[in-house]
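Labels run A, B, C and D following the written order; every chain starts at residue 1.
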Amino acid sequence: MNGNRVTRRTVSTGIFALALGLAAGVPVARAQGAKKIVLLVSGNLGDRSFFDSGVAGFDEIKKQHGEGVEIKVIEMGFDQTKWLPTLEDVSEQGYDLIYVITFQMVDPLADVAARYPDQKYVLIDGTMDYAGGQFGNVYSVLFKQNEGSYLAGMLAAGLVRDGAVATDQGAALGFLGGLDIPVINDFLIGYIEGAQSVTPDVKIAISYANSFDDSAKGKELALAQYRSGVAIGFAAAGTAGLGQFAAAKEVGKLAIGCNSDEEAAIRPTDAEMADKIVSSMLKRVDVSVARAFELFLSEELPFGSAEVLGIVEGAIGLAQTDNFKKIASEQLKSDIASAEAAIVGGKTTVSSAFGMDTNALSALRDSVRP
Amino acid sequence: MTSNALVAFEAISKAYGNGTRALTEVSFSVARGVIHAISGENGAGKSTLMKILFGLEQPSSGRLLLDGGVAEIRSPAAAVEQGIGMVHQHFTLVPSLTVAENIFLGQEQRSGIFVDREKTSRRVAALSKRFNLAVDPDARVSTLSVAAQQKVEILKALSRDIRLLILDEPTAVLSPPETEELFTRLRHLRDAGLTILFISHKLREVRALASHVTVLRAGRVVGDAQLADLDNDALSRLVMGGATSVARPVRASRSVGAPLVALKNVSQSRGRPGERVSNLDLTIYAGEVVGVAGVDGGGQQGLVALLSGRKAAESGTIVFGGRDMKSGSTRDWRSAGLAHLPADRHKDGSAMSMSLVDNAVAGAHRKPAYRMGALLDRRKMVEATRDMISEYGVRSPGPEAPLSALSGGNAQKLIAAREFASAPSFLIADEPTRGIDIAAAAFLHERMRNMAGTGVGILLVTSDLDELLTLSDRIVVMFGGRIVARFDTIDGLTPDRLGPFMLGLEETA
Amino acid sequence: MSRKALAPAIVTIVILAIVVITVMLPLALTTQDPVGVLETFLFGPFRNLRYLGNIVEMATPTMLCGLAVALMFRSGMFNLGVEGAFYLGGLGTVAAALLLPMPWWAAAPVALAAGAVIGSTVCVLPGVMRAHFDTSELVTSLMLNFVALFVGLFVLNYFLRDPAAGAMASYKIPLEAQLPRIVPGTRIHLGTVLALLACIGGAIYLFRTAGGFEARLVGSNPSFAAHLGLPLRRVMVRSAALGGLIAAFAGGIEMLGLYTRFSWQALPGTGWVGVTVAILARDNPLLLIPSALFLAYLQVGGDLVGRNFDVPIEGVGLINALVLLIATAAAIIRNPMLLRLVSGERSAGLTKSLPKAEAH
Amino acid sequence: MDASSVAEFVAVALRVSTPLTLAALGVLISTRAGVLNIGIEGMMLAGAFAGVVVSAFTGSALLGLAAAILIGAALGALLATAVHVAKADLILSGIAINIAAAAGTTLLLFLITGSKGVSSSLPSKTLPTIDIPLLGDLPLVGMAVSGHHILTYTAFLAAPLVALFLTRTPVGIRLRAVGEKPEAAAAAGVNVRRYQFWALAASGAFGGVAGAFLSMGYVSWFGQNMTAGRGFIALAAEVMGGGSALGTMLSAVVLGTAETISITMQGGGLPSELVQTVPYIVPILALLVHAMRRRRIARKSAA
């Protein structure tokens, strides 16, 4: 998905680069009567998570609709004081749909959406306070990353249980988070519960890189976990999380990826490393972005409400990669499939880090500490 | 004469971009194998001329002849290539490097890619021997005394195989015995065939050392003669420009007052060597000038540090104005009535980047005279500064100009004006006239005498023995951190009498 | 002010304008609408009241951080703790507003005061260490910034976090603690007035009070200050404390003025902009105001271009880096020939204004 | 802690210290020439980027390393030019280099790979690790010091070499003279600007190597902002090192060890935010201890 995107944005960036003597490109003509949509990135691209994935969703929309849609991505940077002015600006520029991402946009969006009732907004990975019938012009999407992580936890614990990893590699599991924040901990909690469903007294080493950029540190943390007897690690730490795979390659142990199919992304350049990625927990922001647009075109998008996307919608899941099929036992595959069904059917409820207070979270982490 | 000239300046002029004319049509020549002095007041153009000769600056017009041929010296490196070496007034040594490394900086003795330390040391030793300048090649320059550093500077210049050595005010930092030693060495070098350009405004030294003198005033040559052809009056008239030589301040007879500052058995063993003192007993009375003589490192700086609150005494007692000041801070000393003209006016005496006003009122800025409620009264500060400027004859572009715009003598006058304005009861004058011209020095001398006349006790620390003998009522000599001689009257005292004590050869106290 | 005195300012502005245009022009030419890009960059910020407001909003904290930097630089301390102080000041202010029970009228002042004190530690500790142990305040303050960040994240996570917020964010700042907006149609808040007053106060402090005079003396020559008997350590610590309080106060008013919750998960970078503002203003508190406004103007112009054209945010970043480089290029800005051209004086006149003692 | 985990700890500390040591030596060279290289962070980042891109397009890790060195040196030269020719402020120019490097690498990464985050789609090369014969076969010592990345050995060999360079070679001595007393160096015919120019270029080259270690050794890709402040830690290491190459290396190892401690403390149940303060508090304490010791020595030698 992150592979060969050629967008208008890429092209025009290329033109900018031409001025710097770097590359060439051609201008793109504007189409008439096209739908105009914009994505506001409340940070910088390159996070390998919701922002990059959101852009991938936009690329997908462009691919589907070609001249029928005009897309724009605005990186607002991390200075939160710029978010509201940007939101105000685009609200006055005649966009058909304005996408914003992350919970941090809730407060600015609440302010602006009330002032521009005719403008339509999509909030990804967050939700508005819809009580009292407010925000009829905002559609929200939430993800059940905890459910996908539950499956990842089952996978990790199951591989150890089934002897898919040699016993001398250790019996504990590892988790590498970017920052100790709710959305990352949502991964963690699902992971813990999934692992516990297979091995009730499972031990999980938990580290936070305190950075989403520092690959070297991510690798060092993962190495420390592997050394201390972790057999399989799960990384939810952006680029820092990639360090997990480098560590796995170095010590010859396994790892689980996050957000997109990381094995597929790495395979072309480093097959040995890709072999160590048994699967990836998928969080398809891109799917939800594209889906919202299709629903919007068919006028079925439920503004004024929040949808929680999970396994059913194809927004969350465990990548059924060749590695996965090869390494996981048949028993484990069927366990995971039935757990999936139970979650979809509402028979299994996975806890969430959203709304959980810090002390409860600490207690949970302490309970699985090796 | 000209045919034998090593260097000839022909109608050299120098004007700066901002319009300042530093030199106008300067012409004279320097004969081979002599010590040739260049004299004149501060700002007369001596330094600019030497910078041109050494390639640091280029003349605006005129030309320079070397060995009778036109020479264009574009850089110090080119000067060295032409056989010209220079010892600057402010040394250009790197403190953390060794003596040998400094001497051969830029022309290191190599073996492979490395410096050959052994060869370097051998060459330093050879140089030392040849020119009779003993140094320790492996000592770090930061550990050397000023006189020793100057030796390194001279060796550094000599190591470049030079024919002409320029010395810019070399005695400003030396004590009399050290000065005498330097002169002996310079004569030795001259006898070895070197030509020496000696820049100084100290006429006594010019006479003692040089055979020929060129006098500059306001950027022009006003005199160029064999010293044998000039008597002292003629020489000082040339330098001072028509004004007769400055009269020595009249020593008014007066009664000495009560004890003002008293040190009893004071020791301080910490600090750099020059700052350590032991068993000092000294009382300074109101209305007298106590002169302190000694070579660099003799302990005078330690005494000053103790009496200005920069250091506390380790043992003994110090009383000032009836208060125990053994561990008094500078603030305590100041509020008890100390004024202090520091030896290094750039480092300790002023803030060069700040305005004249700021420098003039600094320290007194909390006085009610400058206050306007909670704020400073800028108008009154400027007024006070204007008063100081006119009273002390400070030549300046105005009170708001930065102090760096002033020449050394004028800056020192302003600093003195500030210190004297605090109505002190006790004044430390540490090298009060070092590096400033004769008129400014005379002015400050007169001021200090007047202050003593009004009952101020003055501690005068100076390496200029003329100054010491001119101003002091009595003299103590320090060596190795101790007081080694006391002269309760200066009648009949001569520099020669002080020398042995300053060098630690004799001791009476 | 005379033409002569204005010359450096005029030259600075002209040079900056040339820089901005030479950098922006090739960038603009690569887009489909080069005129539009240039026009947006240069005049966009003046197009409506809201954008003007954005400039002022953005300049408010950087002006204060610049003041903090200038006061410390003036006293000879290269203390970069402003960044951490700003961060911790924001956090401390929000923490106080959330945790301390207060009557409504005291909420903002008490929270701001508490935040200022808490945040100032990031500047004060390096200042104290410098004054008493002569450790490099540059390094200790750089390191302490990160300590402040992680301690702040810890406090946010364990004491202030709103579990219902969905992101790592504090509980909402109580309405009564928020600073009132003062210009309708913009987000300009009371903090801007406070910042302007602070800059004027800073100028009075530096140039018209004994304390400020002493700070300048210590900064320009510590040996001289010691010679005068000034309490060096006290002056240094006082400057560090003032700088820290101001920077932390800036963080506080930023929070109470523009934010609904505290959710900084990285150092916000405002302190660094403050360093630039201070250097651009040559540590003169009154010049901080135009300097901060100018940088904010560039930023708003860049943002508008980024929002309306296909110019990547990194392109805007590169422009800012270049402006930073060239804005300080003393050779160009202080070139005497340029100054002379602008001031319209002949060389004789200039001699008078740049006197050398040798000339007399 | 048993013996093998001690050996393991040493190995990690050496690895973590490697980029810090390289960068700090770079900072040392420029500082000794009298020019503080605040832009080291940006030079590392650019080096990390250039190494990955060039090695990916040429298929040669060595060319990648060469590119890293060159780009670092070029940025150093740019900084020198800004300061000497344009008379820009040294500190601000350094900060500008950091900003420009962060923006420039991200932009180029995007142009080349279509992603602003990471270069993992590029087939970049890594530099090898080396087992030391004999020593590597020893049980615990081998575990600690053998099998490291080639640039780790380079870093620790570079320290004595830089020390020799600064104290024993003509160029090194002149460089120190330039930094300590430029007028003395100039008087001896040393071109101060030229020395500072090359010192900054050399400083940038070291930064480039430090960056290459991150992207061609530690991991095998370039990531946005992957240096993560290591350049600033290197600045601290240089200050703590007291101006000597070996002292600088030791300081870098102390800081690397602090980071290693914070890594091994993770998962110990302490809040990770507080654990993360360790690598920043240690240098502050180290500077404090250093300052107090200096003061005590001064007092003792005076007594």
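Convention: a residue touches a chain if its C-beta (ideal position, glycine included) is under 8 Å from a C-beta of that chain, and two chains touch if they have at least 3 such contacts.
No experiment lies behind these values; they were computed from the predicted model shown.
Please state whether B-C or B-D has more C-beta contact pairs across its interface.
Of B-C and B-D, it is B-C that has more C-beta pairs in contact.
Measure off the straight-line distance from the CA centroid of subunit B to the CA centroid of subunit D, and report it in whole Å.
Centre-to-centre distance between subunit B and subunit D: 45 Å.
Taking the mean of the C-alpha atoms as each chain's centre, how many Å separate subunit C from subunit D?
30
What's the distance between the Cα centroids of subunit A and subunit D, rounded to whole Å?
The separation of the two C-alpha centroids amounts to 34 Å.
Listing for subunit D: what residues touch at least two other chains?
106-107, 110, 271, 273, 276
What parts of subunit B, by residue number, touch at least two of the other chains?
Not one residue of subunit B touches more than one other chain, so the list is empty.
Multi-chain contacts only, two chains or more: what residues does subunit A have there?
Only 13, 44, 180, 210 qualify.
Can you name every pair of chains that touch?
Chains touch in the following pairs: A-C, A-D, B-C, B-D, C-D.
Taking the touch rule as given, give the residues of subunit A at its contact with subunit C in the complex, in rising order.
8-9, 12-13, 15-16, 18-19, 27, 44, 72, 74-75, 77-82, 84-86, 88-90, 93, 102-104, 106-107, 126-127, 179-183, 210, 354-359
Which residues of subunit D touch subunit A once you look at their complex with the stated criterion?
Residues 8, 12, 15-16, 19, 106-111, 114-118, 120-124, 214, 218-221, 223-226, 228, 260, 263-264, 266-267, 269, 271-273, 276 of subunit D touch subunit A in their complex.
What residues of subunit A sit close enough to touch subunit D in their complex?
Result: residues 2-6, 10, 13-14, 17, 22-23, 44-48, 52, 180, 205-208, 210-211, 213-217, 219-221, 223-225, 227-228, 238-240, 242-243, 246, 265-266, 268-270, 273, 362, 365-366, 369-370 of subunit A touch subunit D.
In the complex formed with subunit A, which residues of subunit C make contact?
Spelled out, the residues of subunit C in touch with subunit A are 26-27, 29-32, 50-51, 54, 57-58, 150, 153, 157-158, 161, 163-169, 187, 254, 258-261, 263-266, 268-269, 303-304, 306-308, 310-313, 315.
Which residues of subunit D touch subunit B in the complex?
164, 168-170, 173-174, 176-177, 180-181, 183-190, 299, 302-303
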